[in-house]
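In what follows, chain A forms one complex with chain B and a second complex with chain C.
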Partner chain A sequence: MLDKNAIGRSSPPTLNEVEKGSIRRFAEAIGDYNPIYYDEEYARASGFPTIVAPPTFPASFHSAADLRELLGVGIKSLLHAEQAFDYERPIFAGDRIMVSTKVADILEKPGPAGKMDVAVIEDEGRDEEGNLVFRARRTLVVRTSKELT
Partner chain B sequence: MAREFKVGDTFRHVRECDKYRPLYYAGASGDFNPIHIDKEVGMMAGLGGNILQGLCTMAWAVEAAVNFVGDPGRITRAKVRFSKPVMVDDTITYEGRVASTEGGKLVMEISAKNQKGEEVLKNAVVEARVG
Partner chain C sequence: MPARKLYFESIRVGDELPALAKAPVDRVQLARYAGASGDFNPVHVDETYARSVGMPSVYAPGMLVMGFLGQLLSDWGRGAQLRRYTVKFVKIVWPQDTVVCKGRVTDRFGENGRYFVEVELWAENQRGELVIKGQAQVQLFFSLEDENRQRSGQAPLVVQVQRESLYQAPPTPAAAPEPPKAPEKPVASSGAKKAPARKSAKEAIVKKAQPRRAPKKAKRR
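The block that comes next holds the complex of A and B.
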């Protein structure tokens, strides 16, 4: 059983610098060759200040959060069940985004083999002026030791 | 001229999870969980092999919506539930449908099925600003 006291635990904001090369590598990794992710002139001609990141690019951001520490369980015992991103604006090459992570909720849900422990983790990205850029919510299911052996 | 989107408009996108895809995605995202990159670990976990990162399956659903809308800068929200792991050599077919266009917001519902017709995502929704 996860400790409900973990709700509200958070990590300090960590700087993520959005580099063109990282955007290119991310787009290549998903096999998306839309020139808006690679070609600066094309991005400008499309009305953007510079190269844009694919919407799920925040998946590559790091935060100071250690889920084992925040939740008190091993990473390998967590299954990714749901994901949501909300965007205030697109993410651009050159952005400097502060990312922090918090435990938004811990709950029990009925599962195929009895009750499951579920943790909702929320990442928040803000620009250097403190304006919200995106929110990401991960729902993680804790696998029981039986499933792990 | 602004493009018109109507409720019921559809789009389709097909992606294959080739053998190296989980490795590429691990490199770009930093998600090196062994369950994604080590076949033996996936076998030991009872999954029959290594599985693709769910966020890559989601990235393709969002890509489908971006291609339809024509502009990644318009995407305001994306959410999915991972209902079945995507394995190496799976082919995922995404089928999207415009569910609503109210208030300058385009709501697209997307289904994602493997070659056996099994849903790998549920409740997948991408929203975009239009107009």
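The block that comes next holds the complex of A and C.
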């Protein structure tokens, strides 16, 4: 169902400014009250230059990618199966990160209800000098109605 | 005052991370996470919509549950730098579910003054069902001495460390296909599975008299 030609489609880099308030709200939503996400002094005493972002914070980054445009299928029809992050360094408050997204792969996998269409989406974050900050890899399965529980 | 840091020298393969019991997931949390992450997929926040697509109710986005496991990881690995973190979402987490996060050190290795530990992570719901599983690799200072050296601009402490692994083969990279095999009852850590915590002679020399694996309190905030 998914179009193999989508492989390689990408979105141009989009600037994401990492704000302290966004980090705090993200950590609060998880229910994670580690002071390194809230308290500048504590973060410094812990060896960081400033407030740090939680490991999954890149999930909040925007990119210019519209999945419907990239894949021909909207987010509502996709099920998140796997997620991977590779970090070059921690993400800090004040960082300005350019995030771009591309379709890394489209494949078919055997599923509980026959073959499943799978898309692998890669996000890449770089600082303004072009240094890699993180890579994220999302594996999405096209929802076929009732293979969920 | 920051909590004490975790150093490579005090970690052993087979060590268990202090379990993290999360408060029950509720719809307010789902709304907050939607706002904080910018993911407004209605299956997570709009009850009417969720039912219209055949779900019994709204449910937690996988990334929220990955965030829970991330909390377990960073609570444990204070002072460590996260290098890689991968998960597979196994079962949906619903409102009122209570998730307990667990983890265990599976690998320990070092080279050229850089020290790494691999951890397997997983979480269960109140019915004991696996909801997510994953792996992480963290980089740590060998010891306080190593940290002090590096922070003052000196070369890292180089200690020859033999790779120790809980399993036969070191974990494969995240991309590699892997059968969905859950750590069945990992909590009942049978002594048989635990690799003996061996140290190379060199490492033993460098190590100073140090308390064995200082027990960490689960929470202290």
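Observations on the model:
We take it that the second predicted complex is superposed on the first by the 144 of 149 C-alpha atoms of A that agree within 3 Å, B and C clash if a C-alpha of one lies under 4 Å from a C-alpha of the other, contacts with A are read in each partner's own complex, and residues count from 1 in each chain.
By our rule, a residue touches a chain if its C-beta (ideal position, glycine included) is under 8 Å from a C-beta of that chain, and two chains touch if they have at least 3 such contacts.
Please read all numbers here as calculations on a predicted model, not as lab measurements.
With the two structures aligned on chain A, chain B clashes with chain C. Contact with neither chain B nor chain C is seen for A:128 once the two complexes are overlaid on the shared chain. When both complexes are overlaid on chain A, the residue A:33 reaches chain C alone and has no touch with chain B. Of the two partner chains placed around the shared chain by superposition, chain B and chain C are both touched by A:83.
Of the two partner chains, both chain B and chain C are touched by A:55. When the two complexes are overlaid on their common chain A, residue A:3 makes contact with neither chain B nor chain C. Of the two partner chains, chain C is the only one that A:42 touches; chain B does not reach it.
Within the superposed three-chain model, A:25 lies in touch with chain B and with chain C [touch as defined at top].
Residues 22, 25-26, 28-32, 34, 36, 46-47, 54-56, 59-60, 62, 75-76, 80-87, 89-90, 148 of chain A lie at the contact with chain B in one complex and at the contact with chain C in the other.
Considering their complex, residues 15, 21, 24-25, 27-31, 33-35, 45-46, 54-56, 58-60, 62-63, 66-67, 71-73, 75-82 of chain B touch chain A. Against chain C, in their complex, chain A makes its touches with residues 22, 25-26, 28-36, 42, 45-47, 54-56, 59-60, 62, 75-76, 80-87, 89-90, 137, 145-146, 148-149. Per the touch definition, chain A reaches chain B in the complex via residues 22, 25-26, 28-32, 34, 36-37, 46-48, 52, 54-56, 59-60, 62, 75-76, 80-87, 89-90, 147-148. Those residues of chain C lying in contact with chain A across their complex are 1-2, 5, 22-23, 29, 32-33, 35-39, 41-43, 53-55, 61-64, 66-68, 70-71, 73-75, 78-79, 81-89, 91-92, 147, 151, 174-175, 221.
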